[in-house]
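Input: structures, listed below.
Below are two complexes that have subunit A in common, paired first with subunit B and then with subunit C.
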Partner chain A sequence: MRTCDDLRNHLRPVVESSLSLLAGFLAGGIIIWAAGFNPILFYEALIAGAFGDIYSTLNTLSYSTPLILTALSFAIAARASLFNIGAEGQMYFGVLAAVSIGAFIALPSVMHQLCIITLAILLGGLWGAVAGWLRVSRGVNEVVSTIMMNFLALYLVNYLATYVFYDPLQAYKTKSILPSAELPLMVPGTDLSLAFLLSIATAMALYILLWRTPLGYEIRAVGLNPSAARYGGIDVKRTMITSMFLSGATAALAGAFEVMGRFYYTDTGLSIVRNMGFDGIAVSLVGRNHPIGIILSSIFFAMLKTGIQAVQRSTSVGGRTGVPLELGLVVQGIIIIFISIPEMLDLIRRLRGRREV
Partner chain B sequence: MSEPIIRMEGIKKIYPDGTVALRGVTFEVLPGEIHGLLGENGAGKTTLMSILYGIVPLTSGRIFIKGRQVRVTSPNDAMRLGIGMVHQHFMLVPVFTALDNIILGAEPRKKGFLIDRKEAERRVMELMERVALKVDLDAPVETLPVGVRQRIEILKMLYREADILILDEPTAVLTPIEVEELFSFLRRIREEGKTVIFITHKLKEVKAITDRVTVLRKGLVVGVRRTRDVSMEELATMMIGRKLTGVEKSEEVSPREDYLRIKDLWVRNDRGGYAVKGVSFSVRSGEIFGIAGVEGNGQSELVEAICGLRPPEKGDVYIRSKRVIGLNPMELYALGLGHIPEDRHKWGIILEFSLKENAILGVHRSKRFVSRYGMLDEPRIREWTESIIKNFTVEAPGSDFPAKSLSGGNQQKLIVGRELSKEPSVVIASQPTRGLDVAATEYIRKILIRMRNKGKAVLLVSADLDEVLSLSDRVAVMYEGEFMGLVHPSEINRERIGLMMGGLRLEAIS
Partner chain C sequence: MASGKTVAVVLVVLAIVAVAALAITLKKPSKVQPQQPIQTPKKKVRVAVIFDIGGRGDLSFNDMAWLGAERAKKELNVEVTYVQSRTPADYRPNLESLSKSGKYDLIICVGFLMTNDLKKVAAEYPNQKYAIIDSVVDLPNVRSVVFKENEGSALVGALAGFVTKTNKVGVVLGMEIPVLYHFEAGFYWGVNYAHNITGKDVKITYKYTGSFTDAALGKQVAEGMLAQGADVLYNVAGLTGKGMLDAVYEYDKNKKLEMGPPFAIGVDSDQDWIHPGYIIASMMKRVDNGVFYSIRDVVYGNFTGGVMALGLKEGGVKMSDEKDLEQFIEIAKELGAKLPDTPENIVKKYKEMRASIPDWVWKDLKELEQKIKSGEIKVPTANTPEKIKKIREKYGATGA
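On to the complex of A and B.
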């Protein structure tokens, strides 16, 4: 439903987010300044570090890839007014799908990747759907259930990685996946693999699903007004479970792609993807739970990450800013808090107003 | 003419979102009179009184009570000035007894901090004696009917020694008999020298009870009259700014087959008790079947059960001879049901959705709106929405705007338009004109009659007795989940209906 009024409706969040972004940068700058450094130089180094040349730009995009997916995961549940904190655990199942099929089953390329993706979607989706089912049938709050299920997922996948899929030669990690299961790099010499394009495609697909199909219509209706949804003949419970399935499946893609396109294995502690699921919550809030917003905010989060690393490097070689990494991380945190504020307020308002189903 | 007890001068109210509710209103009430405040919904009546009661801050203007300029910034201020207000939605604690509610916030104390219940009871009894208004003080409020709750609210105000009483649409929840009782009570306290401000949009009530009346329209005072000097027609014209054409009921359409048949239906309410106790009736094509009754007597549950929103405990529902128990709403719509729900914000509309999205609620999976690849068919949905906007005169900035940008009346028109555009054979209209202004009410009623004349079966549930009697071909009166009787409106007077609304069976009163 894309017309002039859509533009107006979308302008408000854009303006709000831009203002809070500006405020975040100002607040961060004040802290840098108070600590005795030059904020302008700091921000300059940060942006140069993230986008200064082709290589760093592509790496920033590559960092944004898993965030796009975990954020989409949060968003699609949030559209049904479900607060899925479980992307973290659902993502681990994607890792599991990738290392199991990728390393232990020989298949021709393309087929191999498709098998991994299918299994990731199934495992992550079902893991999410369980929380959805608990919510609608037993009234278990999904925030609580998904947090608890994150631990289950962590230890289950950990166990399998350590005792079943481990690499006999290097026991700290699983066996690496076969070349036929890898997602090829888009630009050799960078970290940017096909996973980035696939993530963008997923965002587009979810956008179309939410705003162009009857299922998306139903998910949004359930999220905004469950009574009216019921009046409209929508099966509210089934729709909630479906949206949790989609949410879990999307999170699992993040885990699978990190293995297939970047690391090709996982360490047994899953540190290669740790916290990406939680980061997705913040990314989604900043992106206003909207696929397009999420792509932009993922790139922004990735920029902070690569930028601050670059600032750190520049100090270590006696660079210009002298800002230590810890202070950089504080500034990163402050900026994130500031830009999360508008959507956070909206979300709290919605959760307060939501009627139990 | 005596000095006004209340004078509100040049009152303006602009809400933070820019809505102008009052554009400079001057309002005077004389001591010891019953003063009507008449206007359509949205005219600013409640806002004006909420300012006087300190709930809503004013943008500009001055308030004088008993000749002295005052600032009222909270209900406590108002109470100290002797002003008490009974809201449309009662502000009682459901689990407290009537006595507890009456004394809440003004409890007599003993030894400094204990509530002196004996003293409280003595004072309240004395008060009830004096104003001849009785309630059972020991009953928890949640067990009492709305009429009694209203009395408790009034007693609460009088207990705080209010001598100016503001009543916001007090008759909306009462049976005709209770209305009569309320009116005679108001006359009694007028004798005692109390002043009453009576907010209403019902002309009959203004004529029946008030001494003077102030008419508001769109945030402005359009006139102040002595009630006995003004006719109802004049008041109506002042209130809506034009003459009312009234709803003309067309010639008898001879009813044909039963389109909707209900057989021994039992439905539980949310608390597990029976809200509908074995109701049977049928609605024929070409008739409006009305259900009258005080709200909360099982009408909502009955409608929800028929419309697939609440599974009945037992009994049958047939639409055009097909048994439809257990079907979900979407299947019912496909079988020819149209449902105009009683609470449009809860059921009928999704405020954040665009008009287009709202226009397909319930038919969003029908072939008509889903294209080959499983996508929603944008052009068709737009066309459909625009035809609803045009055919049902929905005043809307465009079909892409969110439903919340429409006024209440236009939201209702959108819902009515959507439901009737589904080409239903059975139309269930539950409180279809509640909260609407006079013009929109008139429009919706005309549409219902047009549906009847087109041969549809219309089930009309309304707490507005005049509405039910003027539109329906047959009327059932519902009380505590049962039908007290089935009558033709032309053959029965209001008093008899009133008795039935109060729980007497038709056989018992004829």
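On to the complex of A and C.
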């Protein structure tokens, strides 16, 4: 009886997600059909564009890399029942760390990467911790503070990129980082760098942290019921700040890795990473705020991203022209809304039950 | 729990209603995609055009590239596939996949943002033909389309020199990159050309704002120049310059002027429609021609790698005229941009503005254009800080 219940508890999210996924694809298909395209050919081209050959598959995996990290960032905070909307801004600090140390300080390889990663963790972590501290000491809702801090981060990092770290010969971007700071490509000729493995490793590390260490236990306890956690002797305030630090640090890694493993610079305007932090929220919701789920849902989101680029190029769907990006984005949005519904409901339920600390 | 269910039901219903509504709105105009079978004459040339993240609807670079490709579709009977990049991460995979497919006779990258990615991919596929607009990639299979901005700037510079009443003109620039030196050099030369004819001593101030995207900054810089008495301002700053156009417009409006001077001069596309009566002309970069010529060369088998520099003669740059105005009003309408007035009124206002300038000015500019085209007059240009410094000194341009 118990094993049966356990199994049902584990299967429930899988079944829910699959059903909403199916509904999402169905709804997207209706849109495609209404716009005068063949939905089956559309999805065929989308999936072939994402996984059709080795290059596309590796490309999709490389697109999933930053999503894994920003989604983990959201998940760690969410596990402590904190709603961190600030991954976007925290991520920018990772970009800043990579560009500043990577391009302007000469260090031997490995050492160079480690320095960047350390600085990214510190900057992003502290930026997140500030929001955590405001919450526990001043009662400032972290949703509000992180949203506002996103703007601060954007303009601060953008200012530095534009006026301090810029490349005098190509002023639309910063100087490129030195080769010693780059993360090597796992497969030459693709964009899949070591960043992918590091992101998976980060997911594993956070899994262990959350479910196999006292700190992780405390974070989850605070998330489930702060009052009970306090009664149980857990320092709730410290735990919340810590989880915000971890959340910010993980987001910053996403920014740092995008620079170190893909672009080697940032444009002034940060469009290389824009919105990746917000995407992470949806990825995490779909992945049920669980590291393993997040890896899978990141790959799914990456598939949608590479797929809608591919349907533009596909001539089998739209006759001569392919499906315009805008329509692809509509379908992508619909699918994401549908697959987010189950977890969104859980989240609303939890936030409603959440007591102020 | 019951309330959770209610929320679930509401959400699902909302989602269904939204999808249905969207489906209905999309279904109505059934002309979205003509589905008639494709007639393929023996060997139809296929072209892929990759837009940068600016994309269609920028009323500038990308839209003009689209115009050029559409013209090629009509006149040269080629097939064109448009690919819109959503983030900079898309450039490389799009290039790579299009190249690998081997289906395209030409792949066109619109904009210098794709330079680094094209360098890598074009080296991998030496048999694939590429073109890049407004940047140089030094590979045998890449056609680099660049523009002689100095020639077009010379014309609008001369215009500025002719129409200024305060004998002060200003240039609002973006980031200090070598391309902008072409604009500077040509413009200063043009102002001096007018001086040689009218004898007026015109003071030039220029200012690098350090940004192509900061409209507020452009406005602020322009307001400073206007306050110091400049009455013709040249926009060489992209979106930052949009702020400059607004500054001139508001300044004139506050002084209850029906039209300039003070005038603004637009750049890249035809910007004359944005504030009719206050923008006297635009220095257009004919990206459409760059795209069209590249496709035409492929169709006729004349494609070669290397730099194709398009000046006045080649139709790569030009000073805007009424036809351009009408075309861009059309594009703006089509893209749903907000027009400041009805198209008829914009054209009317524009004609009044142009008529307020003495005829000999336009006549002289025509002659100057002819002389530059025939090579009788050579407009100087600059590619390095040292060279532009000398030109600034020669024509008396000072930093603001």
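Just so it is clear, the second predicted complex is superposed on the first by the 341 of 357 C-alpha atoms of A that agree within 3 Å, B and C clash if a C-alpha of one lies under 4 Å from a C-alpha of the other, contacts with A are read in each partner's own complex, and residues count from 1 in each chain.
One rule holds in what follows: contacts are C-beta pairs under 8 Å (C-beta built on N, C-alpha and C of every residue); 3 or more make two chains touch, one makes a residue touch a chain.
Because the structure is predicted, anything quoted here is derived from the model rather than measured.
In this overlay on subunit A, subunit B fits alongside subunit C without clashing.
When the two structures are aligned on the shared chain, A:T162 is found in touch with subunit C, with no touch to subunit B.
Once the two structures are overlaid on chain A, subunit A sits at the apex of an angle of 140° toward subunit B and subunit C, using CA centres and rounding to a multiple of 10. By the touch criterion defined above, A:G233 reaches subunit B but does not reach subunit C. Of the two partner chains placed by superposition, only subunit B is touched by A:R212; subunit C is not. In the superposed model, A:L224 lies in contact with subunit B only, and not with subunit C. Of the two partner chains, neither subunit B nor subunit C is touched by A:E16.
Between subunit B and subunit C, the partner in contact with more residues of subunit A is C.
Taking every C-alpha atom of subunit B against every C-alpha atom of subunit C, the smallest gap after superposition is 10 Å.
Interface of subunit A with subunit B (complex): residues 1, 3-6, 9, 208, 212-214, 217-218, 220-221, 224-225, 227-235.
On the side of subunit C, the complex with subunit A involves touching residues 4, 7-8, 11-12, 15-16, 19, 22-24, 26-27, 30, 32-35, 38, 48, 53, 55, 79-90, 92-94, 96-98, 100-101, 103, 112-113, 124, 175-178, 210-213.
For subunit B in complex with subunit A, the residues that touch the partner chain are 307-309, 328-333, 339, 341, 346-354, 356-357, 360-362, 364-365, 370, 374-376, 378, 397-398, 400-402. Partner subunit C is touched in their complex by these residues of subunit A: 27, 30-31, 33-37, 49, 55-56, 59, 63, 162-163, 166, 168-172, 189, 191, 258, 262-263, 267-269, 271-272, 274, 305-306, 308-310, 312-313, 315, 318-322, 324-326, 329-330, 334, 337-338, 341, 344-345, 348-349.
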